[in-house]
Each structure stands twice: as structure tokens, then as C-alpha cells.
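Notes follow once the structure below has been shown.
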Amino acid sequence: MPSRAIEIENLTKDYPFGFLHLKKKRSLEGLTMQVESGEVFGFLGPNGAGKSTTIKLLVGLIFPDLGTARILGKPITDIEMHRDIGYLPEQPYFYDYLTAAEMLDYFARFHDLTASDRHERVARMLEKVGLETARKIQLRKYSKGMLQRVGLAQAILHHPQVVILDEPMSGLDPIGRREVRDIILELKREGRTVLFSTHILSDAEMLCDRVGVIVGGKLRGVGAPGEMVRMTAQGMEILFELPRNGSSAAAVLAKATKTGDRYRLQVSEQELYGALELLRGVGATILSVAQIKASLEEYFMNLIEADRAQATAVEVSGK
Amino acid sequence: MKPANSKKWLLLVLLPLGFAGVWGLQQRIDIQRGALHQERDEMVLRSGQLIKAMSLEYAPLMADIYWTRVVQYYGDKHARHDPNFDLLWPLLDLTTTLDPNLLVAYRFGSTFLSEPSPRGAGHPELGIALLMRGIQANPDYWRFYEDLGFIYYFELKDYAKASAAFAEGSKHPDSQIWMKVMAAKIAAEGESLSTSLFLWNEVYQTTKDPEVKENAMSHLQLLRAEQDCKQLDALADEFQKRTGRRPARVDELVEAKLLPRLTVDPLGFPYVFGPDGKAVVNIDSPLLEQQLLQQKSK
Amino acid sequence: MRRAGAVALNTFREAVRDRVLYNLVFFALLMMLAAVFIGGISIGIEELVIKSLGLSAISVIGLLIAVFIGVGLVYKEIDKRTLYALLAKPVRRWEFLLGKFGGLVLTLAVNTLAMAAGLFAALFYVKHNLERTDAVLLIAIYFILLKLTLVVALAILFSCYSTPLLAILFTSALYIAGLFVEEMRTFQFNTANPAMEALLRGLSYLLPNFENFNVMAAAAHGREIPGALVLQNTAYAALYSVIVLLVAAAVFSRRNLK
């Protein structure tokens, strides 16, 4: 099995728009990227950045203007490649007149399974995603979370090597998100490769071995989530309470923010022990001391800002 | 991009082949369906009033559509030499009910309803009924009287009524002078060659319809032939007076300087003298067949 | 091919669960009833009226189903995005189209059969027995089905790249044109332009000729229909449908799905 599950080279996609479709908007430019076998890869980016476009190109819903891609060594133009991939579309909608069991059975028919195999797989999948009890209910009655789960089921029922999920956690409540995360982790344990796109950064941080950040149609960086942001902590945060009758350390309190009975104080690493001593001196109860990390979100926002600035500059310069 | 290209070539080859197949099949189907001999307008609903009600405000449009049907129907039957014109009257009935002001329908209808087989349906009384309806709906259109007189004169040989029709039509301010003349002439003489010639010529000159024009031309040719033969007979009598015998060939009339040159019928065939000494149309001329058909229907 | 069959069965299942279909079929059966009633008041030609109206009803209802559902076949799947998950499977786009086509044709066949049963029931009610000559009605109904097959193919073609409204317009326009194609062929052209005449005549052969399938008059009168015509019409419908579907497949294969 090739070590690279997904290889993308110079993938480019233009969208025609405007009157008579004469103008073109480049929604994806020169994407070159690899996803290793067995890893969970997060595709990060704001809305409209090109994540869905990339995924649709991989899956064959749209066709590239430039560039190629291979999944498990087979080009994306090869229909046989689809045997080894599972795909969950963004905001999935399925045939609302079918029940979950019927829908899974229908999709299962497109894979080479015997009838008994098919029945068995469908049953197992329904169990796996927790829809056993709802199997006979028509999909039109399903909640968003349930639809997402049945969508996952159809994506993995044929045990594909590579699973591609487009915004699998969008619109889900925390329970739903947790369930999807669990399934992704289970897939990873089974040794499968998972590529999913999201704009929820905490999910990416939690699940992914690596992330690729895409903004404005261009890939901005690839790496482990921790690498992507400056690991240098921006200081420490002390959470504390003050005794009712204690003397207030005015200097300290001036810098702290108060919420109810609790205070938060941000200090640099060097100042930390000094501050703690001070608080001990006034009899404060220290509740917690934590590192303030620059988050992916900040990294993100910086990128977008830079992008926008550049776009404006381009506009102004008239290029 | 290779698979896409080969698909394109495949399509470019298959499509013309496919359409060639379609063409071939269509021709075979046409033959089969021709043999099936269907009436295109099997009119289950013969009630013009009903169809008119159903057409709402589109009745004149429906009339036009049915009118094209009439023309198709007649042309089709005529081309196939099919003498069965059963549907002509119902179709015309329907058309004129839907649009009582469709003048051309009345004129066309009156001609081909009245003409004897194989040219028409052979029902002059239907032609008259149609014209009466036309006159009622379009009292200012004097030409209907011309058509009426026509039918009475040619088909029904009722010269009194024919004259009356022409007279009535001549009362209209738009009508042409000859209507009055015709009225008088027919009242006086009944049928005459000159009258017939004139009437058919009038139709030939004024009609825009190709079928009607062709029909008129055909009639004119027959009348000319008749006229020519009469003249040749007169000349033959003269010849007999001079020489004591009937001429055997028309050339002899030319030799005897009774005729400036050899006379030919409107289709270009020279006349000959029959066994009884009367001038007749050449056996080679298609006009002969027409004549026989006309005589048969009389 | 198995995959196309899966799509076909699913399409059939969708149609069956779609209430609109039942309304249409119910309406058709109502028409049969009406035909019996009307037949009752036009003395002497009851049988003729029932057969004519019955066949007309089957044709019209069938056309409505073929056009309106046919046009939605591909569009709905794209609009509702049900197609997205499907195309990620190892199934080719043309197999999908073929399945849609087959599913709707199957639906139409079942509907037509149901309405035919209604027609024969109405006939039996009026005549109290059925003769051999009534069997020709079956051929007329079969021809209607052939015609509907071709209409479905056209509806699918147009729904592959335009919105439903436009697709309905195009399909209907082509159907109406197809009814007059025969006239175009026998029309006495008065144009002075022989090139134009040749073009129009050529077009009259290439456009789908739906009049081929019209044997309602003969069937209503119980006249026999030659077996050769049955074969030829079947071949015509099959060949033309294949051509249309090939073009549809070509168009659809390169379509970017938003």
C-alpha cells in the first residue's frame, strides 16, 4: 500500500461567473499537498477558502482546470478509486422518502457485496452510529445530527481505506460532535486515513495529526497543530479568590479582572512567582494557574488579515 | 485527458450513425403507416358548436388549424387519386363554424364539394349549403354569389337559379360589371361555351389558391378543346361542301387553305378526325382521359 | 449494469412513494369513468368514444408524468445534493442516468398498465364482452409507452443542464414540433429556395417524429395494425432514445456540480 494516501499536485479550479459566464474566479490555486496513510488530516480554513472545492475535486464532483491528484496511487479520474474511499458531503441531505435502513442498503448496492453481506453491514453500521432504533423511520423525520450520523454510516459501510468528510461537525450539538469525534478516532484506530474539513479549530486541535490551512484558495501551511502556532506561551493566568475581610492588594487588583467572586490576573512567566507570593500574602485562595497559549484562532485571524491587506493592496495597485 | 478525448470521438462517430438509422427507419415507418390508411382527423367530435365552445377565445386559431387540415386532406386525397372525400364536408363545416369569416374556406369548399369525382366530393348541394352559410355570415362579400351561380350553372344546370345568383351578386356596389352581363346572358342562352370559358377564366385569374387555379386551368383546357373541335367541325363541313367528302386528316384542311396552320390542343397535341368525321382530341393527349372522365360523371 | 439497476429501482420506489403519481393515475381512471358516461349519451358510438377518450387519457397523463417527473429526475438529485454521496461511490455517471431513465420508464409502464386495465374494464362494462379486435388497443397502448420512453429520454437530456422550467419548456416544445414533423415533410413548399427546402425536409426526418406512434384512430375502429410497424416503431423509439441518452451522458459527464 502506498505510504501516501492522498497526493495532490498543483490542483487548480476556476469558477466562471457573471454575465454569460465570461469572468473567472480562481477558487483554488496550485494546491500541492500530501496526506499520509493512517493519519487524521484536518483541512482548515474560513468559509469559501477552498476546502469544499478541494474535497469535491478529489471525489469527482467537479473537475480540475489544472493539476492532478491521486488517492491510494490511483488518479482521481479512475472510477475504481472510489471503491476505497468514503465520502460525507457537507450538510448532507438524503432521500427523504427512504428509511435509514433502506438508504444504507441502496448505497451499499454500489459496492460489490453479496446480499447477506450487505444486510449484515447495514445492520452493523446502524448500530455503530447509534441509529439502530431509528432504522425504520423515514429520513425526512431525522434531525440534523441523525442525518450526519447516517451520512457517516454510508461513508464507511464498505470499510474504505480513505475517509473524506466535508464539515462533519457543522451544525451539531456538543453531544453530536462528540459522537462524530469518537467515530473518527475509531477509524484512526482501525488504521484508516481520515481527511476532514472544518472551520472549528478546537476540533482540529483535538483530533488531527496534521492540519493544512487554506485561506483564499491557497495553502498557507501544513503541519502538526502545535507547530502551526507559536508555542511560546504568552504568559500565565492566575485564577483566585480573595477573603472577605482581607486587605486588598491594590496593585494586584488593578490589573485583575473580576467575575463574580473570582479574579483573573495575567502575568508574564517571569512575574508569576512574584505575583503568587503577593496573593499568598493577602490571603487569597489560588484556584488555578494556567498557560495562555496562542491559539489556532489567532494564527488564523492573522492570516486572514494579512490576506485581506494584500488583496486591498492589489486592488489599489490596479493589478 | 485521454479518456475524455476518445469519448468525444466515439460520440462524433456514433451520433451520425444513429441519425442515419433514424432516417432509414422513418422512411420504412412512413410506408407502413401509409398502408395503414388512416384518416388523420377521425372526427369523433363532429359538433362544430362543441369544439367552438371548447376553444374559448382561440376559435379562429382553431379554424386556421382546421383549415390547414382541409387543404392537407384534399391535397393528399387528390395526389393519391383517392376518390373518397367523405371528410371534406365535416371538416369544412367545422372550420366555418369555428370562424364564420374565413372566406377562403367557403370558396375552396364550394368548388371541391361540388365538383364531381374524382376531382371533388360530387355534392353540389353541400357546396350550396356552405355558400349560403357564408353569405349569411359575410353579406358584403359578393363573390359568394359568383360561386353560387357557378355551381348552379355547371353542376346543377339550373340556369334560372344561376342567373338569379349572378343578378343578386351584381347588386353589390363592389361587384364587377360582368356579373350583370352574365346574369342576362345565362337567362337568355342557358349553357354556352363562351359563358363557361368566361367563368372559368374569371376564377383562374382571380384565385390565389394553387389547387383551385390548377382545377380552373384544367377546365379551361377542356373547354378550349371543345371550342377548337367545334371550329374544326365547321371547317370540315365547309370542306365537305367543296370536295364532297369529309377530310381524313386536319392537314387536308391546311392544304385546302381553310386553316392557316395545324391546330393543336392546349397540351400541344394535334387534333384528329374520328371515324364519324367529327374532330376529336388526339389519342396521345392526356386531355382525352380528362374528357372521358368528365363525360362519365355527367 | 447492476448499479444502473439499483438506481432504477430506487427511482421507481421514489415515484411510487410520491403522492403526485397517485393523483394522476386516479385522474386517469376518472377519465375512463367520464368516457363511459359520455359514451352513454352519444348513441351508437359509445365504444368508439370510450376507446378514443381512453387512449387520449392514457397518452396525456403519461405525457404529464414523463415530462414533469422526467425533468426533475436529475435536477432534484443535484439540487437536494443526494447525488453527491452517490457519485463518490464506484458508479459512473452514465450508469446513474441510465438507472434514472429505466426507473421512470418502469414507473410509466406500470401506470400505463393500470390505466389500460381501467380502459378494458370500462369497455367490458359497456359492451359486456371483449372481442379479439379489441386487442389492437393493446398495440396502441404499447405505442403510447414507446412514445413516452422517448419523451423521458428527452426530459432527462434537458434536465441535465438546465433548470426544471426551461427543461419542461424545451421538452414540450420538442414534443409539439414532433407532432407536426410529418406535415413538414409532405408540405408543398412554395419557397424559391431549394437549399432551405432541403434543409427543412432533412430536419423533418431527424426531429423525433411522435406521429409514428399515433394509431389511435385505427385502434378505436378496431382496424389491424401491421406487425412490421410494431417492430419499426420499437426500433425507432429504442434507437432515438439511445442517441438522446448518449448525448445526455456526454453532457452530464463533464458537468461540475456546485
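All chains are identified by letter, namely A, B and C, in their written order; residue positions are counted from 1 within each chain.
Note that a contact is a pair of C-beta atoms (placed from the backbone, for glycine too) under 8 Å apart; a residue touches a chain by one contact, two chains touch by 3 or more.
From a predicted model like this one, the values you see are computed outputs, not experimental measurements.
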Notebook entry, point to check: Among all chains, which one's averaged Cα position is nearest the averaged Cα position of every protein chain shown?
Noted result: C
Next item on the list: Tell me which chain's centre, taken as the mean of its C-alpha atoms, is farthest from chain A.
Entry: B
Notebook entry, point to check: So, what's the distance in Å between the C-alpha centres of chain C and chain A?
Noted result: 48
Margin query: Taking the mean of the CA coordinates per chain, how far is chain B from chain C in Å?
Written below: 41
Check: Using CA atom averages as chain centres, what separation in Å is found between chain A and chain B?
Finding: 85
Note to self: Quick check on chain C: which residues sit in contact with 2+ other chains?
What the structure shows: 254
Notebook entry, point to check: Can you name the residues of chain C that touch chain A in the complex?
Noted result: 2-3, 6, 10, 13-14, 17-18, 80-82, 84-92, 254, 256-257
Next item on the list: Show which residues of chain A lie in contact with chain C when the two form their complex.
Entry: 56, 59-63, 79-80, 82-83, 85-89, 91-95, 97-98, 102, 106-107, 109-111, 151, 154-155, 164
Note to self: Considering only the defined contacts, which chain B positions touch chain C in the complex?
What the structure shows: 4, 7-8, 11, 14-15, 18-19, 21-23, 25-30, 32-33, 35-36, 38-40, 42, 44, 68, 72, 75-76, 210
Note to self: Quick check: in the complex, which residue numbers of chain C touch chain B?
What the structure shows: 45, 48-49, 52, 183, 185-186, 188, 190, 205-206, 209, 212, 215-218, 220-221, 223, 225-226, 228-229, 232-233, 235-236, 239-240, 242-243, 246-247, 250, 253-254
